[in-house]
Every structure is written in C-alpha cells, then in structure tokens.
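A, B, C and D label the chains in the order they appear, each numbered from 1.
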C-alpha cells in the first residue's frame, strides 16, 4: 500500500488545529507558531504532491478510497486532478501567508489568538477535503461544515458590525446548503433507482438522468454554489463579510474558501448534469456578465476599502463563472486558472489594505491620501496588488482573464464583449482607489506612517512574486488544468468551436496546434 | 347488552376529563382530570378487548395504569415543588415558558 | 341482563363523579368524586371479564393514586377552593368548541364504526382464567415492555424524591438550642412551650385556636402555615363577646360557654384564592 | 517545418503582395541573442526598483548603461541584418512556451525583421539620448533612481511590444508601456493633477485595450491562434466581415495607445509627467505603437478595405484636431502634445492607405521620433532654464539666453513644418502624395494639416524664442548643462539629416520595409512638382499668418478672449467636456444609483425578508402565552383535526 499522501495533506492542518487549540491560554505566540508551523508543513506536503502533477515526477500520489458509510455507498474518496490541484496548491499556499498576516489581528480585537489560528487550520483542512473529495456526500458535509469555523472567525474577530455580517454569511450559505442537501439526496435517489446506491462521483457521473430531474438537481447544486461563489444576485453577504471580517480572514474567505463554490460548478455540476448545464448555460452566462459589470460598478461607488475589494471579488467571480459556463476549453481552463490567480491577487489586496487599516485605524478611503510619501514600499506593494487585480499583463491574472474572455467569445460573443467592459471598470476602481489613498498631498493623519516591516514584506512578497512568475510561466499549471478540463467538457457533450479559417494544414505545427 | 354503550360512556368520560383540564386552574384538579381521561381510554381498551376476544387490550390498559402511576408520582412531586416556591397550585401562575 | 342493570346504574354514577370532579370548587371534593368514578369503572372492568384489571384499578388507582392525591391536597391545603372567573381570554369558548368538536367526532367514529353487536368474549383467549392469561402475556409477549415500565417506575420514584428533596442550607437547631433560645429571647409566658391547638375549644382540630384559661383564644396555638394559607379558623369566632344575657348570667354568677358565630358557612370562611 | 512555413509565406508574399509575407527563419548566431535587447533594460529596471536606497547614487548611470547596452545590441543586430540577403532578414527567436489551453497555444517568441529593428533602433537610440538628458533634468529630484527604473521598464516593455511575434505577447508589452506611462505621468504623485492625469491615461488606454482583447478573441475565433505567422498566413481564408471586425478592434486599440480620435483626451493631460517622459513616451515611441500595430497587421488591413477607410478617417480627424488644439495652447508642452497628436494622425492616415502608405507611416514615425523628441527636450531645456514655467506667454526672446536650445529647437521646427531638406519634409511630403493619390479629400486634409502645422509651430517658435521678453524672474534664464544639450544636438542633427539619410543613404526606407509591409506604387492626380509646390506654398502661408499675428505684434501676456474656434481649441475641442457629459456624469450617476439599488433593492430584499420573518415570528410568539391550558386547547384541537382527517380518509 502506498503512502496516503492526500489524507496526510488533510490530516496535517486538522492535527495542527487540535494542537493549536491545546496550547495553554495565554501562550498566544506559541499557538501562532504551532499553527503557522503546521500550515508550512502542509505547504511542503502540498508542494511535493504538486510536483508530480506539474512536472511529471512520480511521487506516489494515488487516489484514495476508504469505507465511510458503506450502507449508503459513501466513502472517504480522494483524488487529485488538474482542477483540484490548482486549488489545493492555492489553499496550501495561502494558509501560511494568511496565518502570518493575521499575526496581530486577534490581539487588536482583544481576543485570544489561539482560537483564531486553530479555526483557520480547520477551514484549511475542510477546504482541502472539499477540493480533493470524490464523494458527493463527503463534499456536501465539508461544504457545510466549513461555514461553522468561518462563522466564528467572522463573528468573533471582526469589526463593529461583525455579528450581523457573520449571521448574514451563515444564513445565506445555509440556504444554499439546504438546496444542495435536497439535490444531494435527489442524486442519491437516482443512483438507488439505477440499482447501485453510491455517492462516488464517477459512479454518479456515469448515471443517465433524465433532463427534467437534471434540471431540479442542477438548480439545487447551482444555488448553493452561486451563493458561495457569489453570483449576482446572491452576493450581498460578501461585501458585509469582507468589510467586517479581519483583513486576513476576508482574504482567506474570498480568496480561498469561496473557491469551493466555483470548484463545485466545474467539478461537480458540469459532469453531473451535462444536459441541464448546457441548457442553463446562457442564463448563467448572463448572470455572470451582470456580476462582472455590477460588481465593478459598485466597487467604484464604495467608500470603504474592504467593501470595495469585496465588490471587486464579485466582479472577478463573475469572470470565473462566465468561463465555466462558456463551455469551451480556453474559457474553462482560464476560469480554473483564474480561481488561483484571483486567490493570490485578492489575498494580496486584502492583506495590504489590512496593513493600511491597521496603521491608520480606519477603513474609509477618504481618511487616506498621499501615503506613498511616508510609506513608499507600502504604496508600491499596494499598486502591484492592485495591478494584479485589474489583470495587467504579464501578471498571471491577465492570462486567465484573457482566456475567459476569448473562450467566451467563441460561443457567446455579446456576453464576451460586455464582459470586456470589465477590464475598463477594473482599471477605474483600482486606480481611483490608489489615487485617492496613495497619491496627492500628504494628509496630516498619514504623516509618519511607518513603512512595511519585515514580517509584512514576508507576507506579501511571495504572493507578488508568484503572480509575476506564474504570469510569465503559466504553462505547467495551465497544462495540468487543461488536461483535467477537457474530459469535463467531453462529459458535458459540447464541441470546441473550430476556427473559422484554420491555419493551413502544414502551418499547424508551427503554431503548436 | 351492546358493548358500544361502554364506548359511548368512555367518550363522555374522556370529554369531561378534557374539559376539566381545559377549564380548571387548580393543578391538582387538572391532573385528576388527566387521570380521568386515561381511565376513559382504559375503559375503551377493556371494552375492545372483550369485543374482539383479544387480551391485548387489557394488557395495554394495565400498562396505562402503571405508567399513570409513575406519572402521578412525578407530577405530584412537581406540583409540591412548585407550591413550595410559589405558594400557589394554579397552573396559570406557572407561565414562564414563553418568549 | 345483570350487566345491563349494572351498567345503567353505575354509568350515571361514573358520569356524575366525573362532572363532580370538574365542577367541584374544592379539590378534595373533586378527588372523592373521582374515586367514585374509578370504583364504578372497576366494576365495569370486572363486568367485562377483566377481573384482574378491576382489582388493580381499585388497589392501584383508588387505593394508591387517589390517596397520593389526597395527601398532596392536604399538603397544599384541603380547604382552598378555586375561583370560577376565567382569566385567559377566550379560553372557555375555545375549550367548549374543542371539546364539542372532539365529542362529536369521537361519537361519529364510535357510531359509524361497524362493531359486533355481541362481544366475542374472552373465553377463548383465556382458557385458564383471566389472571394466568394476562400473566402469560405480560411475561411473554410484553416482557420487554414490562421491564421498561418497571424501570420507569423506579425512575419516577427516584425522580419524585429528588424533586421534593430540599437541601438543608442552615444548621438545624437542636431541641436544646431551641429551649435555650426560648428562655433567653422569647416572652416568659411562652417559655414552657406554645399552647396546643384545640385545647378547651369546642373542636380539637388543628385549625381551631386553643382557649386560654381566661377564655380568650390564643393565636399562637395555630400553625403559622395554616394562618398564612387562610385555612385557620379566625380566633374572633371564639372570643367571648358578652351579650346582655351574658351580663345577666354573669351577674347570676354562672359561667357559660363563650358564644360566637358558630356554624357559619365553611365556604364563606375559606380564604378565596384568586 | 520551418522550411515549409517559409515556403508558404514566400508564396503568399509573391502571389498576393501583401505584407507580413516574407520568409521567417529560425534565428541563429547573433540573432539568437535578440532577447538581450529586452533583458538589459529589464534587468536595469529590476535593479533600480528592487535595489532600494543602496542604488540611489549610481541609479542614473545604471539606467543609462542598460539603455545604451540595448542600443549597442540593436546596432549590432542591425548590421548583422544588413549582412543577410534582402529577402532573408526576418528571424524568430523562440524563448519559451507560454500557454496551451483548449487548443489555443501561445509561444513567447521574438520576431526580428526590418520593421522591428527600425523600432528597436528608434526606441533604444532616442531612449538612450533621453536617458542621458534626464541625468541633468532630474538632477534635483530625490526620486531620480526610481525615475530611471521606470524609464528602463518602459524601454523593456516597448521593445517587447515591437519584437513580439504573437499578438498576446505584443499585448504584454503594450500593457507594460501603458504601466510605465502611468507611473511616469504620475511620477510627481504629490501633485493631484499628475495622479489624475496618470489615471486618466491608463483608463482611456484600457478602453483601447478592450479593442485589443476583442481583436485577439476574434483572431482565436477565426484563426485559432494569435501568432503573427498563423494569422497572416490564413487571413485570406477568413471572411471580410471578420477581418473588418478585427481591423476595427485593432484600430480601437491603436486609438487608445496613440491618442487618436475618439480616445485622444489623455495625451494632453499626460504632459503632467516630467518632460523627458513626454519626449520619450508621449512623443517619440509609445504613442506610435498604434501605428506600429496597424502596419504590423498589414495582412489583415489589406483584406479589409472598410477597416482601412476607418483608419484613414480616424487619422484625418485626429490630424486636424491635434493641429487645431496645438494652435490655441499657451502651455508649450500642450502645444507640442497637440502637435504630436496631429503628426500621429498623419501616420495613422498613411497606415490606413494600405501598402501605398505603410512604409511612409513608419518613415514619418521615425523622423517624427527624432524631431519631436528634439523639440520636447528643447522645451524641457527651456522649462529648466525658466524655473519650470510652461506658459509661453511668459517666455520671449530666449534665443539669446539659450543659444544651443534655440538652434536645436529650430532644426526640429524646420523639420516638422516640412522645409526641405529637413527630415520632416521627406516623410510628410510622401504621406501627402500618397493621400492625394488615394483621394482628394484625404489629400486636402493632409495639406490643410501641413498648413496649420506651420502656423502653430511658428507661433510656438515666435512666442518662445523671439519677441519681447516677458519673463519676470530675478535671475535670468540660463542655458542647460551639457549633459542636456548634447542629446539635443544629436537629435537636431538627426532632425536635419534623418529624412534625407533614411531615404537616400544606403537603402531606401521604403525598400527596406517592403518585405514586411508590401509595396504599391500610386498614381498622382497631378504632377509631382505641382504638388510639392502647393504643399510648400501652404506651409509658407501658415508661417506668414503666424508671423503676422505673433511676430510683428507684441505677444500679450494675458490670454485674449479669442474667437469661438480658439476657445474650443483651448478646451481640447471639448473632448473632455464630451467625455464628462457622456461617460463620467452618467457613470457616476449610474454608480450611485446602483449603490442605492444594491443597498435598498438587492440587499434590501434580503434584509426585508429577514425583517418580515422576524416580524412574523414576533406575531406568532404571542401564541406562546405560557399558559398550559391554552396549549392544551391547541392540543385538543390538533387531536380533533387528526381524528377528522382519519375519518375523512376512512370515509367510504
């Protein structure tokens, strides 16, 4: 029997959470160190696993299946494919960074940091399980379980309105989860009727469900994911949560945890309900485009920096959903790639804004101005993160956004053209934010604002470096994603649109087609 | 004699017991009314047992009695406890179970 | 024929007893009415080939449960009686409607049901008599239920004890301490102990105050709890109110029993409980 | 593989005569090092931007060294290319595979051909001069190191833009120069106006980027690729409708980057940046990227006449607009910026004329790069001497104080108005000829443009260097240090000989570019001498009017009211007002109303539902009286309902 890499990957943060929780109260620093240590350990294991997929080195990572509830056909089934690889990599990478960035956040709220860090690791373990799970019931359970630690993280450590935001977050996602539970049961009933009760994803994908039933189940799953992702008009919990949670928590929430929603769309919804997905795609595409434009316009209209970033996330999630439901290879690869890049970029933005807020004690844009003078490094990092948010090449966000737009253009031209407006709007909200906070005459309140400290540089530098490096050399990752996306699209039964005037036969090699 | 009469009597006793529960405020009386309702049900059980020639009805009645005994013990203990603290045996006074 | 007679005699008694329970203002009367109903039900059981249940009914219900009720009634106050004023708005109407509805429905069920005219009888089901047959069932088919019920009874007993048990928080004064306290703190006339209720009075019940040698009733002879509950007889009714005739008699050197408003209605004296 | 590809390409070139059709060889030898062109300035930028204060002292030297190294490399490559046969001067350098998604793949590879080497030399040559100039110009700025870092970043991005062999890679450079432009316009971030101008430039450019993105998306839809060779090779197989669409999308991109109508508004504001930036980015190189894009996409435009017409129209409008704006500006840099718009309009127009004009567009682009950089640096020198005064109404008579600046500026002036034998004469005249050959209207537009150019440049010249002295500083203006004048002299020389040299020394620029752009000879509707005479006459008329207005009369220090056209021109022909009225205000209104709608509508619906549920619960809880007897009634009612239900169900 080979080494259970994937289970280890999940078990490490879970163990870390327990150990962090066991640290005696009052030894806050020790708890933080334990938590960060385990997050880093997970990162190492995750990196080892990724190597196998990115660079074709056999590390002995294999799908794992252990019995869980054999009566229902539910199992602890884990597997890693290109899509989940991207998101697992994002998760293991983001956690230590977020852990480092939230070093002082709990103390700022006069609370014990122990629980905060333990909860973060719990969320990491659950998120990893969701990304790796090959069992629909297991996925559902972790999908729902994730809400609880996040609820406490928002509700205990956030801003003045944190309770409201936490309850809103919980209720929204529970509504979605309820719909999904119904659909999961419905799906199970289908498998029972087919004679082989199972929650195992490949088994369920192999089912032949009639279109009407598919529609109902599709709506159930999609509602949950659309709320999680979040898609217009189910988005209003995110700005509140983003504004009220601590910056690092908001970063992890919208950067990593919410990706479970979009992951569910591409990894569960598309293969499970191909007919319904095909039929519903135009509707979802319209919603996604509305999200893109609406989120961007609202971001422009915000005065609260964290809320603003929350709305930009809605816009970006719109791009991701658009890419998934455009049902073309480029768009789907781009969308998955986008999930990773958006994670990196949003975390960077939230974290940097967190530094700013911590220094000034205010989230309002108007309270800043001319920060670049006292804190040029901070301003530079802020601009860099912002540019990644507006998808400036060669940062990795650009390629994903371009792939989504061009992939959508293949099938839904008006949608793609409207979505392109998003690139103008994103420039507006990011640069306007930068202009109002960083440039102009130095405000008295920001005079003497300290520049970045070593810890803060250590938090942001890897993110920015990754955005740049992945932006220049995206191929290993996009190849892995592309490989996994292709079967999904085949499952949905859509054809990749062929070029109208393809490159002549003998020229094809030259362009790598 | 037509055994249905017993059943009608049972219905009447049950209804009277129910009205006692609903109308009387004295916890003890209300409690006794509950006992009356149980007894009415028992009568129906016994009647059915005889009517269908099956002893199970009597067994059920027996268990009802035993359970009623247990219930009375606990119920009376509660009434006594409440009376001790509130100096009242009115069911309306114990109305804290609300929002 | 005999059964019909029994039924038609005992059924009205049962119904009357039930009505008595509901309409009596004093709980103790209600309890007695209920006992009557239960006894009549016991007779019905016996009449319906359930002698075991009939006996159990009398022993357990009438004998044990009703006695328990009576004890509690005494504990709570045997005299207290209820007000007839309904305090919950709409309760009476709702209750009447609900009861009428249930009666109608149950009657409808009973009448509509196709029931055998003649009962099948239990001869076949209990060849060796009622008690062995029931024993067979209880210790056979229903053994598990029986055991559970047994456990339930034990639990109930323990529960009742726990509920009514009071933890003693303060040191309980010993007799010696009480005696010392009486001499050191109390009025000297109480040093030898309080007068016992009913002494020299016309009744020797606990709610009747004792008469002191000079003929005045002693408030101190009655238990405080009874006074608080309003269950004690007013000492006023025993106080000597000299009438002209008394004065005359006194002049004659005769002493007579103190005259008072004896025989006033019990109900009127009982404290109304809101 | 390569041989078949080149065979095909050659076939296309010979048969169709379209551009982009010459044989492209896998790079060998020195051409393999093409990537060093980009690597030098990129490394310089990295050192300067990440190095921190340690590099403060030598920052400007590192920056100059990086740029000059790149220039030397460019020269080496140029001569190496000259050594190759005329039809074998295009090379690709495969660097790495970028992405492969859903059948769409992109390689990061460079294409070095006659067109791109021309740009490389312009960018690195003029760029190096401006680097050197900046040493003096930015001497007193405490953030000089960062300035050089940004300049190096710009050079690297611009080189990537012109060397890319795939539209996607081109776009990376395209956005890179946009970023550098943003950073440099807003270099003096403490000024609000600079920050706003920078943002405006970026956002307007992003509108153009929409066009670029959509053009690339269309290419993927039509050709399944964005690589130059693949797109150009199969352009013939695509429908005209698609090609027109791609052409128009590319034009939108070009309009954004090159400040062409209707996306011209940012360029005038961009003058907030330091003057070397205006010279390098907003005159000589970056703003010409749109022209490069159109010329590079010759294969597409050749097959899409409608798109070409649109390019011509845009070029003509911008050419006149820029010129008119240039006439009314008193800010020397803004007057030059209007001129830049106008000159790029010329190039765009020429590019829109098809194979007849591509080479002339590039030709004018190069000469313009020389003389406009020269003039901007000259203006910078004037400002340097005038204590950062930019208003020409406060200049006057500076030719005595700043002789070198004056002479070099005059060279640029003569070049831009097209006096033979200065550089501008050769390039602009060719464009006017080609325009007349195409049709009368275009020709007249270019002719009129030439006249107005003569007018505003003469006005600028007169107001700055001649006439009465209107400056009031305690210390008189002084000539700039030699580190600034030397680049001016070099550029002045180029302004003088550039046109003649490119046309007649060595190879003709038109023949040089022909393998890339194609070639087409045009028939003039009139004799050439007549046209040249008319053109020169128009120029002389323009100069004369300016002389009459500004030379003979003293220039007023206050701003005269002016006629409506002047007022309109001062307000950039209401371009900003239009944008504000049509986009900004409604946009703000839309944003505000959306915020309202979000809070009251979308979130309101949610919160409203929650409140409604809460209210309902508040009502419902009244039922929970706590009275056992009430509950008992309910229970009994429930029993009734259950019995009733059973009765009804059992009812026969």
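In this text, a contact is a pair of C-beta atoms (placed from the backbone, for glycine too) under 8 Å apart; a residue touches a chain by one contact, two chains touch by 3 or more.
Just so it is clear, the structure is predicted and the values come from calculations on it, not from any experiment.
Novice: Give the identifier of the chain nearest to the protein's overall CA centre, each chain being represented by its own CA mean.
Specialist: A
Novice: Counting C-beta pairs in contact, does C-D beat A-D or the other way around?
Specialist: Result: the pair with more contacts is A-D.
Novice: Centre to centre, by mean C-alpha position, how many angstrom separate chain C and chain D?
Specialist: 104
Novice: Roughly how far is chain A from chain B, centre to centre by C-alpha average, rounded to an integer in Å?
Specialist: 61
Novice: Report the inter-chain centroid distance for chain A and chain D in whole angstrom, where each centroid is the mean of the CA atoms.
Specialist: 36
Novice: Using mean CA coordinates as chain centres, what's the chain A-chain C distance in Å?
Specialist: Result: the chain centres lie 72 Å from each other.
Novice: Can you list the residues of chain C that touch 2 or more other chains?
Specialist: 88, 91, 94-95, 98-99, 102, 106
Novice: If you look at chain D, which of its residues touch at least two other chains?
Specialist: 625, 627, 629, 633, 636
Novice: Can you list the chain A residues in contact with two or more other chains?
Specialist: none
Novice: Every touching chain pair, please?
Specialist: A-D, B-C, B-D, C-D
Novice: Can you list the chain D residues touching chain A in their complex?
Specialist: 1-2, 4-5, 8, 96-105, 107, 168, 171-172, 174-176, 179, 182, 186, 189-192, 194-196, 198-199, 202-203, 206-207, 209-210, 213-214, 216-218, 220-225, 227, 229-230, 233-235, 237-239, 242, 587, 590-592, 594-595, 598, 602-603, 606, 610
Novice: For the complex, give me every residue of chain C touching chain B.
Specialist: Interface residues on the chain C side: 3-4, 7, 11, 14-15, 18-19, 21-22, 24, 27, 30-31, 34, 37-38, 41, 44-45, 48-50, 52-53, 56-57, 60-61, 64-65, 68-69, 72-73, 75-76, 80, 82-83, 86-88, 91-92, 94-96, 98-99, 102-103, 106-107, 110-111, 115-117, 119-126, 130, 133-134, 137-138, 141-142, 145-146, 149, 152-153, 155-157, 159-161, 163-164, 166, 273.
Novice: In the complex formed with chain D, which residues of chain C make contact?
Specialist: That would be residues 88, 91, 94-95, 98-99, 101-102, 105-106, 108-109, 112 of chain C.
Novice: So in the complex, which bits of chain B are touching chain D?
Specialist: 18, 21-23, 25, 30, 91-92, 94-99
Novice: What does chain D use to touch chain B in their complex?
Specialist: The touching residues are 621, 624-629, 632-633, 636.
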